[in-house]
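Next come the structures, one after another.
Each of the two complexes below includes chain A, the first together with chain B, the second together with chain C.
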Partner chain A sequence: MMTLQQQNISDNNFESCIKCTICTVYCPVTAVNPDYPGPKQAGPDGERYRLKKPVFYDEALKYCLNCKRCEVACPNNVKIGDIIQSARIKYAKGKPSLRDTMLANTDFMGNMATRMAPLVNFTLGLRPVKYLLDRTMKIDDRRTFPRYASQRFESWFGRHAAASQDSYPHTVSYFHGCYVNYNYPQLGKDLVKVLNALGVGVHLLDGEKCCGVAKIANRCVDEATRDAHTNMKAIREATARGDETVATSSTCCFTLRDEYPHVLRVDNHDVRDHIMLATRLIYRLIDEGKAKVAFRPDYRKRVAYHVPCHMEKLGWTIYSTSLLKMIPGLEFIPLDSHCCGIAGTYGFKKEYYDYSQAIGEPLFRQIRESGCDFVACDCETCKWQIEMSTGVPVENPVSVLAAALDIAKTRELNGVAAIPAVE
Partner chain B sequence: MKNVNARKEYDVIVIGGGATGAGTARDCAMRGLSTILIERLDFTAGASGRNHGLLHSGARYAHTDPESAAECIRENIILKRVARHCVEETRGLFVTLPEDGLDYQNAFVDDCRRAGIDAELLEPAEAIRLEPAVNPDIIGAVKVPDGSIDPFRLVTANVLAAQLNGADVLTYHEVTGFVKDGTRICGVELKSRRNGERSTVYGKVVINACGIWGHHVAELAGVKIAMYPAKGSLLIFGHRVNHMVLNRCRKPGDADILVPGDTISVIGTTSTRIPFDEIDRMEVTTGEVDLLLREGVKLSPMLAWTRVLRAYAGVRPLVASDHDPSGRSISRGIVCLDHETRDGLSGFITITGGKLMTYRLMAQDATDMACRKLGVDRPCRTAEVPLPGSEPDARDEERKAHIIELSTEMKAAEGRHGSWTGKIAAGNDADDALVCECEQVSVAECNYAIEELHVNNLINLRRRTRLGMGTCQGELCACRGAGILERHHKCTKRALDDLASFMAERWHGMYPVCWGETLVEAQFTSWLYQGVCGLEKEPPRHEEEMNS
Partner chain C sequence: MKYDTIIIGGGLSGLVSGICCQKSGRKTAIISAGQSALHFWSGSFELLCRKGDREVIDRPLSLVDSLSGQHPYRKLGAERTAALLSRVAPLLAEAGINVAGSLERNHYRLTPLGFLKPAWLTLDDYFMLSDPEELKGKRYAIVNILSYLDFYPRFQAYGLGEHGARTVTADVNIPELDILRKSTTEMRATNISRFLTDAAVDRLAKAVNDASKGTDAVIMPAVLGMFSDGPVRRLRSQVERPVYFVATTPASVPGVRCQLALRDYFIRLGGTFMPGDTVVKGERERHRLRRVFTTNFGDMPLEADSFVISTGSFFGHGLVATLESIHEPALGLDLYAPEGREKWYDKDFYAAQPYMGYGVTTDAGFRPAIKGETIENLYATGALLAGFNALKEGSGAGITLATALHAADKITSAL
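Our next item is the complex of A and B:
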């Protein structure tokens, strides 16, 4: 008889909420926006009401950043952020606006923009254009746009790097993401440089699509799901040939691992453990003695490290910070774990801009006061936000490594000096 | 509440603040009788507050008791009109499981139609499409106009209606005896459950509408009614699993109805005769919990992995036929006894039996009898006049159009108070602040309930608003609610005692199902209240009832 009771354990994740409200205390939005009901009410509490009647859906859920800090805070493993995103997808009224669709389709926009990057960059920097975008599309004119690159990372890689990669004793596959491909190929180049020096060749995934985080946030779910299936197919192929899949963006990495199964319902359990952040792979290579490193003796920098929200959720901050701390000439300043406020496309939207800046303000202040040379951070949108709001430059830890390593010496230590290095 | 009515002689004294008593008080008052409603504890403290909350279509009785079935469907249609803010027209399914066989269903549809119930035979696939929570193995399904009804709202609305028509209301006053003039009842002796003060209320007719407790009240008047208490246990699930009422299409049995009520679903019931000394302290047993789960899962397999919030039990007043004092021949129909003709005691009426569904009809029967005794000839209008909260409202269409824009707590309040929601202040931070987060009860809603709806303590407040009925079972809201009550009655000691009894009452219902998340939550609650806040472990058990 008792087995019935023993087996009756709720499978409805929202029912595990014990109402401790810690999530609401940790929510960056609740602190600055009284119209947002907070993760507890928007998530598990609201879910009960939405299950009663969809009319109880509260449009204020749009204020959620999807930073997942609520999930990190939850002592009972309630997937609060997932519940909120799923509710927005299921119940929010109306189709995503033209603006949201454009912001969400980072890959399409990037693909178009890189074809005429100098013109796009020039135009997007003009006051009248920003004014127009602000008034017509409600993209805030105070926001600085990320610049587009003239040459996509994929093109560079095909032309300069692809040929030599299989000469290395090990290989990984690289999920570069839209940002590296269209905006900042230098980060991808830095990764190839560092991994090659450590004796690891780099493959690209076959037909990589955008990870979809912006599409999820802007409710373009069908496209996101389609892209997710394409990416999972490519990652499965990579795993089958023995490659781990690495990303330099904490958000792309988090999306591939967690948003796919939780929000898009795209199963990835067979390869999830093989998807990781580049700094995790690099740290483990060094830590396990599989790769050796030599640093430049003249490297001297004062670096503040910012933990992106999705990095916090991944729980992998320790890999990036440990790598930075290995660099002899680097003075490491940890910043308080605090959301920068941009949350991908959120901070571009006129109606959220002020919240976005208010959320990030304590972080900006700390950065300004730190006296650092630059901020290290594993997320590209945090980079835009911090650079725009503080004037302090932001570098991915992989780029920091690329600058701090004595590449020639490191290649020698790892026995790959004979292979022609990519330049 | 001080009894200030000692000198007045009423036309009618109604004893019992359940659906029947409140409905009778309303009917009497609407017919112009001067009326007082007296309740020992709080409204819905007895069986009215401890049932499925099922708005029967009558289909359940179509086969076994066609007369009750016809009564049910008539009342069903009436309540959907006059009590629409208490009713949700969910519709219901009678489903046939492979183990039950289709024989019952074949006769069932005809029985329903004969009773005037609109029963529609569905393909199992269609039934599963309509109600995805139903067991996918069903081999037959019939759609009927079942619904859910909130008994707390229903009784509150009846009390409000009685008061609007001039009736007086006394809660927490127990009848301790009757004032007699020879063979005529002419009043009741009362003892306040709050301060022990004794008083007398005089009236020409006394109506005993106390459910199973009517057995004892009749004894006080010196007459005997053979009643038998039958306990029915139910389980509440943490959220709304099904959107249509699910019934087993078979002879009525244990745990064969799953009702979606407000934010939750309820499975029930069991049926066990219990001795009278247990009716004020019923416990749900492990065996009953197992039975309810085991049978419930057959109706909706997902109950197996849904959190059980609490368990509770109500007690049906089964009345033995006067011609068979052995108690073997039990009627589930309405019993309206004129003690003048039956026992030679004039001025005393007992209305009992029946069910929540037929409360209005029971009230009508009792009021008709009282009117005859008083020589009053006025028609019953309770089937036509909407209850407070259910009045047609010119703003209806407008409200429907704007409900999306309302805050979640105002949407929730609309569901609870209907067209009277406008009485709840809103629009500023102090009023809109949430007291109960699970059930979305605002400070203003609590204030409204305390000022207008006879709220003395947190348990009363819970019944008027759903405060503390959600998944946290008072963990977050109880202390806030106690604070608001304290502001009204200005006694900290009373508020603390109230808080302790409220938490004990919540725990009483959680205890039988305390495993998994419910156990974790209960533990956390006890840390908060006992560990952090130092609330006494043993609550002072003064006035309030302990039944879950």
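Our next item is the complex of A and C:
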């Protein structure tokens, strides 16, 4: 039986808020946009009023980035970010615009765009096209678009990798996400290369859909929930065959683990512990002595590490940074944990573009001054933002490992040299 | 994941232990569940300010021998406490926090309600006095930011007037703050401080000069310099009279600055700070704690040779009270906290509340126990400890800092 105290806690525990305002201190939006009421007022304070009458809903909640830094800061463990996102979904007026729907449907758009990638990339780079998108759809023309790949990761995997994967002593399932599939298959290829060298085969999930983070942010909740159920079914199947599910994107990983139950109300408690970042799995294999690594003697790089907001919320920064620090020729430069400002599709929108850049400016300055060869970071949209705003390239830690490892030697050390390596 | 030392709790106590361990070359991690009580900081640290109903000014440490045997100061002894606490101001200065005060004699600070109260260390840009007599005949301008509701100039004026000071009060405004007034509930110290930078500080200085003509000094709420003390220095350099700050209602601007300065110093020394995570379980091998499990790390525990627990009291969730009992949620440590809710409190709100003295019990070396068995490589520090009433004694910060430094000494000398 629940105690009296337990019965007085709501799902998002807004009543645990003591109005200390500490969340607002650490909110990246509050720092640049006085029109945003701040997480305390937008979250637990506003919730009290909204529960009384929905008319108290404040449209300024749209400014929230959903970075969850308020939740990391909260001394009372109030799920402030979840309260705000849930309120947007429940109370915001009007249907999502055509632009928001398009931005949200990363998988549909990616599917279309990869079919004629060279044309799409060329067209999206043209000034008149960007001007038109800016004026008609309010997609800011100062934003550089991510490029689409001609060959999807899934196609590459089916053709070049799938056949050999069950020859490895262990296997995992890979949640590649839209970015790897449509924009940057190289990261997926790097993961297969690294995991194979460590003696781990890679499966894809059956019928993987977008994690839904962009759909949640753009209030396309029905689609997000449908996709979430599809993904959970695939992850349950993977778990049943003994596979951990790994992701290379901190945001995909965070969404599958936490946004599903907290915002979409899709239960995942039975498999949540089996969903993790690839760097956590790789760190664990090495730390527990289950895999050995050999690094290239000629690898020399100065690397600055950026902590994406959802990585901060996952609390797993240490896995990625520990792996980077293992690389003998890598000089590690920590960056302050600071939001880059893009927040997925947020920074593409004309009305938010300036806020987005203002939020990221202290980070951009630190990166420019760091003198690093490149930035390492576990999030693809941070990558777009940092590359566009600083000109410094950004690599996922998995790709850094792929470049720094002596793959042939590592395969030998792990006893998988006889299995044909994926090219 | 393996460390030499893991510190559970990222507030004042945990950060100070962490800095000392890391400085001695130990690989140290701090696990911090949400931001700490430093965000509620008054700008002063208390060592021992009251004995019974009596205010203590001279030689506070001479009273240590009269405290109960379970009191943390008594366990350390007066001499050891003094030796530990003499290291605090230099350590804070290394992190960029400058405080003034002495172990020999408490000074007076000015509270948000206008009272003079004893304190041990106070931020060097805050209002402090060695003797209320100094106020006689002095003229102060008490300057608030227009429509800032968490600072009450008339309380200050009344309090200082009681000691013979003459005061004028004024509200000043600068256009940069108009934007905040759209929602008066957001006129908070930390929000205001975001706008008081660069040219806005220059305009504020001019307004303060105009409002304080003919006075000896200016008293203002501590609403400047959340992420650095640059705005404070900029204002002081332009105001024609000395400017002193007084604490506001939380969140505390200097508290945020202090937290971040200590955290950044710990990280600069090479320490690992893990924000937003909670220790849920510990695993022992015989009498030693070997590893701790956290919410974020799941089935991959964090291992260490030695541990410090500084998770705070009820407010910091270091202690949790249910309707039936009180427990320590991270490791299940033995407590002094009697069963039976009716024993926990005194119906006289202003009395010394019994629950304030509850906390983790330890041996003479501040090592706690689980089911009667002392954990040899674990130290408990700060507000989590039993045996004192920080509120009534005015002793919280001194105990926090002394036990944090003591734990770090024990750990680093055991190398």
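Quick note on the criterion: the second predicted complex is superposed on the first by the 411 of 423 C-alpha atoms of A that agree within 3 Å, B and C clash if a C-alpha of one lies under 4 Å from a C-alpha of the other, contacts with A are read in each partner's own complex, and residues count from 1 in each chain.
The definition used in the following text is that contacts are C-beta pairs under 8 Å (C-beta built on N, C-alpha and C of every residue); 3 or more make two chains touch, one makes a residue touch a chain.
As the structure is a computational prediction, the values presented were derived from the model and not from experiment.
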Exercise. Does the superposition put A:Ile22 against chain B (first), chain C (second), both, or neither?
Worked result: second
For this session: Scan A:Tyr49 for contacts with chain B and chain C and give back first, second, both or neither.
Result: first
Exercise. In the superposed arrangement, does A:Ile9 touch chain B (first), chain C (second), both or neither?
Worked result: first
Exercise. Is A:Lys93 touching the first partner chain B, the second partner chain C, both, or neither of them?
Worked result: first
Exercise. Between chain B (first) and chain C (second), which does A:Arg411 come into contact with in this model arrangement: first, second, both, or neither?
Worked result: neither
Exercise. Taking the superposition as given, does A:Gln41 touch the first partner, chain B, the second, chain C, both, or neither?
Worked result: both
Seminar exercise, completed: chain A residues contacting chain B in one complex and chain C in the other 4-5, 20-21, 34, 37, 41, 45, 76
Problem set entry | chain C to chain A touching residues, read off their complex | 1, 33-37, 39-40, 179-180, 182-183, 185-186, 188, 190-191, 194, 226, 250-251, 256, 267, 272, 274-278, 294-300, 316-317, 322-323
Problem set entry | Residues of chain A that touch chain B when the two form their complex | 1-2, 4-12, 14-21, 34, 37, 40-41, 44-49, 51-52, 55-56, 58-59, 76, 93
For this session: Quick one: which bits of chain B touch chain A in the complex? Just the residue numbers, please.
Result: 238-240, 262-263, 286-287, 289-290, 293-294, 304-308, 403-404, 407-408, 411-412, 429, 434, 437-438, 440, 470-472, 475-476, 513, 515-517, 520-521, 524
Seminar exercise, completed: Given the complex, residues on chain A that touch chain C span 3-5, 20-22, 24-26, 30-31, 34-35, 37-38, 41, 45, 71-77, 273, 280, 284, 287, 312-316, 318, 322, 334, 337
